[in-house]
Amino acid sequence: MQMGMIGLGRMGGNMVRRLREGGHKIVGFDMNPDSDRDVASLEELVAALQPPRTVWVMVPSGEPTEAVITQLGNLLDAGDIVVDGGNSHYTDDTRHASELKRNGIDFLDAGVSGGVWGAERGYALMVGGEERVYRKVLPIFETLKPQGEHGLVLAGPVGGGHFAKMVHNGIEYGMMQAFGEGFATMMRSEYITDPAATMTSWCDGSVVASWLLDLFENATEHDHTLAGMPPVANESGEARWMVEAALELGVPTPATAAALWQRQTSRGGADDILRVVTALRAQFGGHVTKVDEIATH
Amino acid sequence: MQMGMIGLGRMGGNMVRRLREGGHKIVGFDMNPDSDRDVASLEELVAALQPPRTVWVMVPSGEPTEAVITQLGNLLDAGDIVVDGGNSHYTDDTRHASELKRNGIDFLDAGVSGGVWGAERGYALMVGGEERVYRKVLPIFETLKPQGEHGLVLAGPVGGGHFAKMVHNGIEYGMMQAFGEGFATMMRSEYITDPAATMTSWCDGSVVASWLLDLFENATEHDHTLAGMPPVANESGEARWMVEAALELGVPTPATAAALWQRQTSRGGADDILRVVTALRAQFGGHVTKVDEIATH
Amino acid sequence: MQMGMIGLGRMGGNMVRRLREGGHKIVGFDMNPDSDRDVASLEELVAALQPPRTVWVMVPSGEPTEAVITQLGNLLDAGDIVVDGGNSHYTDDTRHASELKRNGIDFLDAGVSGGVWGAERGYALMVGGEERVYRKVLPIFETLKPQGEHGLVLAGPVGGGHFAKMVHNGIEYGMMQAFGEGFATMMRSEYITDPAATMTSWCDGSVVASWLLDLFENATEHDHTLAGMPPVANESGEARWMVEAALELGVPTPATAAALWQRQTSRGGADDILRVVTALRAQFGGHVTKVDEIATH
Amino acid sequence: MQMGMIGLGRMGGNMVRRLREGGHKIVGFDMNPDSDRDVASLEELVAALQPPRTVWVMVPSGEPTEAVITQLGNLLDAGDIVVDGGNSHYTDDTRHASELKRNGIDFLDAGVSGGVWGAERGYALMVGGEERVYRKVLPIFETLKPQGEHGLVLAGPVGGGHFAKMVHNGIEYGMMQAFGEGFATMMRSEYITDPAATMTSWCDGSVVASWLLDLFENATEHDHTLAGMPPVANESGEARWMVEAALELGVPTPATAAALWQRQTSRGGADDILRVVTALRAQFGGHVTKVDEIATH
C-alpha cells in the first residue's frame, strides 16, 4: 500500500527500505535536505499521497513529534491516518489522538523494537488504537514485523503501543542488569577463569538463553573483559517512565529501577548521597573517608 | 564410556537415559529400592565399575551429598574421579576436593541447567576442576550437553562449576523478576488489553526474546491472567548464595536480590518490617492502618 | 495576628488551638456543620477578616484543595494571602500561585510535620514562596513551630514548602524501613532474646537515637513482638512523589523506594510478579510452588 | 571494680578514661610500646589482676582479636571473664566462648556504639552471654553507658551483643542513606534554595529528628553543599554481615542493602555491570555510550 514516512534517520530509513522491498509505495520526507527524501516539505508529502492517506511519523519524541503531528492535523483530511512510531509517552498519544480526531483524522501509536538489527531481522511492533484503524495499516505492519508467529500485537487502545514498548524496554533494562550483575560477580571471583566464556556457554540449552546473550557473545568476541567499554551508561527515558507508571499503579519494580539507578549513578546521580554518608561518618567516626583506605568505626 | 550415577531422581534418571542413548554404559544407584537402580549399594556400584572409575553424584546438596562423598572417599581408589552434579555450594567443593585428594581421588563439580526440558534439549553444563580431569570425563559431558556450539564450559578450578551455576541461577531470578514486573504493570494498566498476548508478541524479533519468554507463552496459553498461579514463590538457595558471594566481592546485585526478596516477602519475610511501619505510623499519625483504607498523615 | 483557617479536622483543629493560645485571632471554617466552626461559609469567613487577609487552607489535597483555592481566588482581594498547609503536590502550588496572582493574591505553600504530637510539641514547618510574603505570615509560623532553634524554614520559591515536606516524608519512609529491617532480622534470630528491648536500648547514646526510636519504645511498651499490628501498610503519596521527582532529576532513591514498595507489596502489588515467577518455574522445573514446600530446581 | 583493657586505641583509650573517672581500677595494655600502657605484655596484665579477673579486649576484629583471645585462653584461670568489645562477627563469638569454656573461662561479647562522641556522651552497649556473667561485669557497663534510662542491654546469649551491634549498624546505614537520598534530591531541585538549611530545620519537632540529623547540622555548618566531601564511602563490614544474616533468615533488607551497595558502587563495584550494559546497547543500538551524550535507542 501507499504510505508517507516522516523521518528518514537510521530507524526510519531502514524501515522505508524494508517496506519498499515488501512492495509498498513509500513517500519519504525528512527535515534534512541531505537525506534521501522524496519530497521537500510536509505539504508536498501530503499532496503526493492518495486519500485516504496514511502517514508514519518516525522522529524523536517530544518537540519534534509535537511539531509534526500539529502540522499534520492541519494538512490531512478526515479519514486519513497518522501513526506515531517514535518513542512518545503514552499520555502524549491520547492527547494527539483527541486533537487529530477533531479533524476526523485517525491515530495509531506504534512501539517499534529491533534497533539496528531490525532492517534484517524485522521490527517487533506493538500498536495502540482502534482495531478498525489497525486493520487499515495491517499490510504495513505485516511487512515490518519479523518472520515467525509473533512480533506484532494490537496491545490496547490509543497509548497502548507506547505503553507496551515502555514496558518492553523496562524489561530489557532489567535483563541487561541481571546479566551485568552475573558478569561482574564472576569478574571478581577466583573461581571463574573466563567470565565471558562462561556466560557465552549459556547460549544453548540454559534457562537464560536469549537474544541478549547472543549479543553478549558478539560483544565479547574480541574483548573478553569488556575493558574497552566505559563503565557509564545513559538512560533513554522509557524505563524511567515504566517505573513511574508502575509506582502510580501500585506495582513494585525493584529490578527495573535498579537497572535505571545504576545508570543514573554512573552519571554522578548518587554523588550527593555519598557526600552525606561521608560527612556523617566523619562526624561520629572522627575522620573523612580516604579513597585508598578501608575505614572502620 | 563407563560411569556410575548416584541418584536416579528426575534429574539423574533423565541424564542416565540420555547417556545410554549416547552409547555410554551407566551403572545407576539410588537409596530408594523402588527406583530403577542397577545395584543395591555404593559398594556394589564401585565393584561394578572398571578402574579408573568415574562416579557422578546427583543427590540433593547438603547432608545427602556430604554422606555420599564421604563414603566414596573410602570406597574409591587413587585415580578414580568423583563428579558432583548437584547444587552444592562452591565452598563445599573445595573441601570435598581436598578430602578426596588425600586418597588420590580426583574431583569435578558440575553445575547442570536444563530442568525437565534437559532430557530432550540437553543440559547446559558448567564444570569446575583441573583440565586434566575434565578431559577424562569429556565424553560424558559431550553427550549430556545440548546441541549447538555452546552449552559446555570448563568455568574454572574446583568450585567454578557450581559458582557458575549459582551465577546462572541468579541471572535467571533477575530475568524472571524483570518479566514479572512488566507483566504486573500491564495487568493494572487500562492501556493494555491482554498483557499475556502483548508479552508473547515479543517472542520474535524483540530485544527481550528468550527461552524464558517462550516458556511464558506456554504458561499463559490457557490462562492469560495466570489467575491459577499462587502469588507465592520459594527460593532454592542459589540466588541467595550469589548475592552473598557478590556482597563479599564488593559487587552490588540489586536486581538479583530484588527477585530473591520478592520471593522471601511472599513467604512472610517482611511482615515484621510492616508491623514496625504500622506501629510507628500509629504513634505519630494517631491510628492503625486499616486494610480497606487509604491512610494519610 | 488575625487569620482564617479552612479545615478544622485533626490537624487544622489542633493548629487553631495552638494559634489561639499564642494570642492570634483565628476565624475557623469547615464544610462540616458539626465542626467547631466560627462561620458557615467561605463568604462569611472572608467577610469576617480585615484586609489584607491571610487564609490558611488545611483540607485534603486534590479535589478539596482545588475547590477551596478556586473559590478563594474569587472571594479574596489583591494583597490578600492564601497559605496551602495541606499535602498538595509541588506542581499544584505553582499553578495555584499563578492563578491567584491574576487577582493580585499572594500564595505560600507550607509543609507541616508533627502529626498528632504537633499540638503539644509544635509543628515543623517548611514554607515555599516569596520572602516578602513569608515575612507577613511569620507571626503565625513562629507560634506553630516547635520550641528550639529549628523547626521553621523558607525552603524555596512557591512549591518549595511541599517539595521539602515530600522529601521529609520520603526520608521518614526510609528511616522506618531501616528500623523495620533491623527489628525483623532480630525477630528471626536465635541470638536476640527480646528484639524490642534491644532496639529500645538504643534510645540513649547510640548513633540511631531518634524521635522515631522514642516512638518505637512507646509502641512496643505493651506489645514487644508487635503481634497486634497488621503486616500491611498504606502509602500516603508523598514518598511516591519523591521517588518520581528524583527519577526525573537523575537521583537514585533505592532506600526510599524500598520502603514504598514494601508497602505496595503488602497490598498485593507484587502478586502478578510472583505469578509469573511461579508459572515460569513450573515450566522449566516441572511443578507449581506449594506453600508448604521448599522447592528446588 | 578492677579490669584489664587490651587495646588502647581511640576507642579503648577513651573507655579507660571514662572507667577511671568512674572509679574503676583499669590495667591497660597495647601492643604499641608508645601507647599509654600500664604493662608491657599480656602475661604482665594477667599477673597484675586479682582473680577472678575480667579482661576487656578492644582490638580490631579478625586476626588481632583471634590472637589475643587464644593467648588469654592459655593465661587466664577458671572463673575469669573475657569481654570482646570489638567488632567480631557473632559466629566468632560462639567459637571463642566454647574454646574459653574448656578452661572454665567465661565470655561476653559487647557491641559498643558511640564513636568519638562516646567519651563524653557514653557508649551504647549491647551484650551477649549468660546473665550470671553479665551481672559480674555490670559495674563496668554501668559506667560506660550513657546517662538516661537506656543505652545498655543484655541482648541475648553469646553472640547476641555483636548481632545486635551489627543490626544497629545496618539501621545506621539505612538512615544515612535515607538522609542522603533526600539531600541529593533537593540539591538538584529548583524548588529548594538551600538543601542543608532545609534539612537542618527538621532538627526540632519533625518526624525525622535524630542524632544523625544533629550531626548533619554540624557537618554542614561551614559547607552547605558538602562540596568538600568526596562522593565515595567505604563499608566497614557490619551492614554487609546484617544483609547476609537476614538473607539466611529469609528477611528482605532492601534499604540496608541499598546503602551498602551505594558505597560499593562508589568504589567501582558496579563498573563491570555497566560495561555489560554499554556493550549490549552498542550491539542492538549500534553505538557506544559517549559520556556527554544522551543516547536513545
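In this document, chain identifiers A, B, C and D correspond to the written order of the chains, with residue numbering beginning at 1 in each.
By our rule, contacts are C-beta pairs under 8 Å (C-beta built on N, C-alpha and C of every residue); 3 or more make two chains touch, one makes a residue touch a chain.
Note that the structure is a prediction, hence the values are computed from the model and not measured.
*Asks:* Look at interface A-D and say which pair in B-D, B-C or C-D is its repeat, using the rule that over half of the contact pairs are identical by residue number.
*Replies:* Among B-D, B-C or C-D, the interface that shares over half of its contact pairs with A-D is B-C.
*Asks:* For copies subunit C and subunit D, work out whether under half or over half of the interface numbers are shared, and give different or same accordingly.
*Replies:* same
*Asks:* If you tally the C-beta contacts for A-B and for A-C, which one comes out higher?
*Replies:* A-B
*Asks:* By mean C-alpha coordinates, which chain is most distant from subunit C?
*Replies:* Taking each chain's C-alpha mean as its centre, the farthest from subunit C is B.
*Asks:* Distance between subunit A and subunit C based on Cα centroids, please, to the nearest Å.
*Replies:* 36
*Asks:* Counting in whole Å, what is the centre-to-centre distance of subunit A and subunit B, each centre being its mean C-alpha position?
*Replies:* Using C-alpha averages as centres, the distance is 32 Å.
*Asks:* Where does subunit B touch two or more other chains at once, residue-wise?
*Replies:* 115, 177, 179, 181, 184, 188, 207, 212, 250-254, 258-259, 261-262, 265, 269-270, 272-273, 284
*Asks:* Sort out for me which residues of subunit C touch subunit D in the complex.
*Replies:* Spelled out, the residues of subunit C in touch with subunit D are 90, 113-115, 118, 121-124, 126, 128, 145-157, 159-160, 163-164, 167-175, 177-179, 181-182, 184-186, 188-194, 197-198, 200-213, 242, 245-246, 249-256, 258-259, 261-262.
*Asks:* What residues of subunit C sit close enough to touch subunit B in their complex?
*Replies:* Going through subunit C, the ones touching subunit B are 10, 60, 87, 115-117, 176-177, 179-181, 183-184, 187-188, 212, 215-216, 218-220, 226-227, 229-234, 236-237, 254, 259, 262-263, 265-266, 268-286, 288-289, 291, 293-297.
*Asks:* Help me check something: in the complex, which residues belonging to subunit D touch subunit B?
*Replies:* Residues of subunit D touching subunit B: 207, 240, 243-244, 247-248, 250-254, 257-258, 260-261, 264-265, 267, 269-270, 272-273, 284.
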